[in-house]
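Two complexes follow with chain A in common, the first pairing it with chain B and the second with chain C.
Our next item is the complex of A and B:
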């Protein structure tokens, strides 16, 4: 009997390892070894064409703080995060709360709202690029309503390009977060709202005093997910500018710049790795701060 | 209070309808453009309804030099294989962590969860070098292999299998069925619904992926739809063939839309789990 138990245990071990090994092997190669490689490369000047690695110490990191183009990329990305992450969160919460207030045809609204989440960033960016192109509806409608004086290719306007990507990003991510809020709202007891209504609290007050505090953990999740995502924004900027970050570096995000240094003729993978590592550290700090902010607020309310 | 009721409802509906229009408008434009001629699209008209509706853009896809059908099939192959691998491997991983006692399982669990805190950006370059070194460049495997597992879903499967009744399993064990046997014959068939949820989201991820496909696929015949669409848009310097580009974009959404309608239940379930993580 005891022998059989032991043999069973041994089988358990073998089966456990077999079942978990694909995940462990893939993560070991594509995450753990990869991080080590990234750190190693960030201290080297890498020439991919000649396949040479020259140790340069902190040189790549120093360049991050001295080169204008890198500064521009970080400043674009920071702007992007500062606008998009809070907007996503607030809009998603408001829409979810409105949808949750015994609305008719709720399902139809939800199906429509969810469309952008299903669509690839390529298709979305194409559609938005067309809308703001010289022959696109933004010009036509703008001229009819008076907010556009002259038909312009807005994609080539440095002051406008990043804003288009911001709008597109908010527009395409809000529904996803809204749906997460909406399912969490089902857990807030309806009696709370009813009691508040009897006390004469209007819809706005009920939203601020009941919905917002109850959604705090979800808000924290949504906001941090948003921060992590927006800091790494790549697809839309790449497609929008065909990889150039133009016009005049206005859509150059950090992720796009990493791509350029690593994979284009710039051939500077060492610098690219250093930038990627700095970006990761920024993301980890920013999400930790956001988390802390959310927790400390909880203490007071 | 009565007063508030009167205007509150219309305001709520107004917000919802305006937002629905904001959401739908770009899609309607794209669909309408796909039935317009190039000249009408670039003519700057504001009409959503095409003046001279034409199927030419759709017909062109299947004729001439367009690689669209090729790209479409490539996307299907990658998404289907990638999804199948994920569903099996993620479930196996989750099951091992939840139901099998073995040495180091806690360590493995920690190793898995730690990867969730690492921003994907930092892995882009080393992953590229590894893919190149093991000779997977310009192959579908370059997209499928590194993404064959997903830690978030391993974690969700673990949570799911932990709540699994051990009674059925113990009964099977007494009959001499191994852990692996329990997994394939008992656990998997009982978790059809969560597997479908997992599959829908993973399929969506593969289908819409741009960055990896753009990095790893160099041969135009191996492109996936998102990369192909982008190439179509950018190849003609100066003039964008909006009729082609927008038609491609519209068709690329169709499989996902069908999935969304048919598997709506699983989409919703997945989003609920996302919030509870």
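Our next item is the complex of A and C:
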């Protein structure tokens, strides 16, 4: 009897592992093995064409902390995250709350707001590049309203390039997070709002004291995905600067620099791996901090 | 415990899969010959073979001409050649080379040739098999290293000065670039132009400036592969164009809100431009109403000068059909294939005998470009020029805007590049 049980159990196990094996194989090849290989490569000077690996110890890591260009990439990315991630979260929450109130043409607004998320980021980048180009609407409107003195090619201004990408990123990601908030808002009991209204709380007070605390777990999710997504920002910077990270390295993000070291002429997969690993550590720390901050006053404690 | 066992088994399975793959590759690499020699194989034995030729996408004329050339090649040799178009050419090609799945034959830009040759991913090509002596020597030299040939030039382009006849007449174009970029000439032209049109455009790109920067024997690269952009001699040679740019006598196409010179010139936003012959087809097809003329580049510091760009066909080291690949290169760079390609795509033949056959030097539009081939500087400078150029492009504009002096900018561009080159 006992033996039979065991055989059944073994059979179950085999069946189970067979079912999950496609996922395991895919994850192993494209995630776990890749991570191990990346860690290995980060301690080597790698030439993939010749398939040579020369062990260099912590040299690649040392370079990360000594080279100006790498520092610039990290500082650009940090600035980008510091602006975009909180803005995304706050704007998404406000928009969701507004759309959740009983305003007219709610559905139409939802569709309009969601459209940018459906558009490919390449197309969005092209649109923004047109808006801020010398003959674009920003210059035309700005001149007419007086906030632009002289028509400028804003894409070529190191002070503006990253800001343009920030705007673009916020604009295109807010609707996605807004949708998540919207669905969560359905779960907030209407009676809370009614009670607050009876007590004389206005819309702002109701938003701050009911919506915001109730959305805390969602905010946590949105903020952390936002941080991870913005730290890894690549496509918009790549298209914007044609892969160079210019003007004057102002749009050079860490992900773009990793790409340059790995696949463009620099041909330095070792350093690219090291930078990628440092970036993951930074992301992990940032996410943990964000999580901790948000958890400090729990909703369901 | 059992879980651990099964997990280990799965991992072991994957690992064996990987090692198996890698071994297989090593074997094929070991058994294939290192150099392709075209003299041994009987052409008949290659019939029915299949090769893949990779290129980047071009305009319609180029696509048609390439397809026609492939057809002719198959008709003559019985080898099937399949076309593969890369959209992001060098990135995709590198990935394929690393994965050992690169096409048999692919384009190599002269500018990228030193890099690929150094990485050992190109097969050596027997110069006699492709009649290398029939080519303009500067075009074959671009693909040689240590006396060995690694790619065969398929065509070339040089820069020349295009002018819109509505505003500029040929006989008033100065003979020197000092005058061309000077206040007197450009001011005179600018006075005739309507609002929003500039007299002349320029590019912030070493690919367009290298001949000027090195006009008096100055080198933009020192100590093998380091940037030398900050040297007084280089800065001095750049002065003429820089002064014109600062004074806004010349603008970039981005300043005009245009994508590139062909668009700016075709839409009559600039009266003159310095461009390669690739723009000719665009102007004829998309802007047939623009009446333009072409002249050779004016001299600089008393010397005739322009840039020449060339692209060659190379055979990948992992090609399974090196003989068939060589047959393709022999045909595509031979008299017949090159003529089909050049006539169809409107580009210039790299072989002097084909040029004579086609009579391109009699063509009033192409003649200035061909004349340039005699004294042009190839766009090629070791394996670090891309980095040097990127940093130049990164910083040059801040000198034009007056945020930094030209000396500071060039020094900065040099330092940034050298930090990346000399690790």
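We adopt the following convention: the second predicted complex is superposed on the first by the 279 of 301 C-alpha atoms of A that agree within 3 Å, B and C clash if a C-alpha of one lies under 4 Å from a C-alpha of the other, contacts with A are read in each partner's own complex, and residues count from 1 in each chain.
Please note the rule applied: a contact is a pair of C-beta atoms (placed from the backbone, for glycine too) under 8 Å apart; a residue touches a chain by one contact, two chains touch by 3 or more.
Because the structure is predicted, anything quoted here is derived from the model rather than measured.
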{"item": "Combined model on chain A where chain B meets chain C, clash or fit", "value": "clash"}
{"item": "Which of chain B and chain C A:50 touches, first, second, both or neither", "value": "second"}
{"item": "Which superposed partner A:173 touches (first chain B, second chain C, both, neither)", "value": "neither"}
{"item": "Partner touching more residues of chain A, whether chain B or chain C", "value": "B"}
{"item": "Chain B versus chain C as contact partner of A:158, first or second or both or neither", "value": "second"}
{"item": "Partner chain(s) touched by A:247 [first = chain B, second = chain C, both, neither]", "value": "second"}
{"item": "Which of chain B and chain C A:77 touches, first, second, both or neither", "value": "neither"}
{"item": "Which superposed partner A:67 touches (first chain B, second chain C, both, neither)", "value": "second"}
{"item": "Partner chain in contact with A:33 - chain B first, chain C second, else both or neither", "value": "both"}
{"item": "Partner chain(s) touched by A:283 [first = chain B, second = chain C, both, neither]", "value": "first"}
{"item": "Which superposed partner A:120 touches (first chain B, second chain C, both, neither)", "value": "first"}
{"item": "Chain B/chain C common contact set on chain A", "value": "13, 17, 24, 29, 33, 133-136, 263"}
{"item": "Complex interface listing, chain B residues touching chain A", "value": "1, 4, 8, 12-13, 15-16, 19-20, 22-24, 26-27, 29-30, 33, 41-46, 89-90, 92-93, 95-97, 100-103, 105, 108, 111-112, 115, 117-130, 145-146, 148-149, 151, 154, 178-180, 183, 204, 207-211, 214-215, 225-227, 229-230, 233-234, 240, 242, 245-246, 249-250, 252-253, 256-257, 260, 264, 267-268, 271-272, 274-275, 277"}
{"item": "Footprint of chain B on chain A - complex, ascending", "value": "9, 11-13, 15-20, 22-24, 26-27, 29-35, 37-38, 41, 95, 98-99, 101, 103, 109, 111-116, 118-124, 126-131, 133-137, 139-141, 144, 151, 171, 175-176, 179-181, 183-184, 197, 200, 202-203, 218, 221, 228, 231-232, 234-235, 238-239, 242, 254-255, 258-259, 262-263, 269, 272-273, 276-277, 279-280, 283-284"}
{"item": "Chain A-touching residues of chain C, taken from the complex the two chains share", "value": "2, 6, 10-11, 14, 90-91, 94-95, 97-98, 115, 119-121, 254-257, 383-384, 386-387, 390, 393-395, 397-398, 416, 419-420, 423"}
{"item": "In the complex, chain A residues that touch chain C", "value": "10, 13, 17, 21, 24-25, 28-29, 33, 47-50, 63, 67-69, 133-136, 153, 155-156, 158, 244-249, 263-268"}
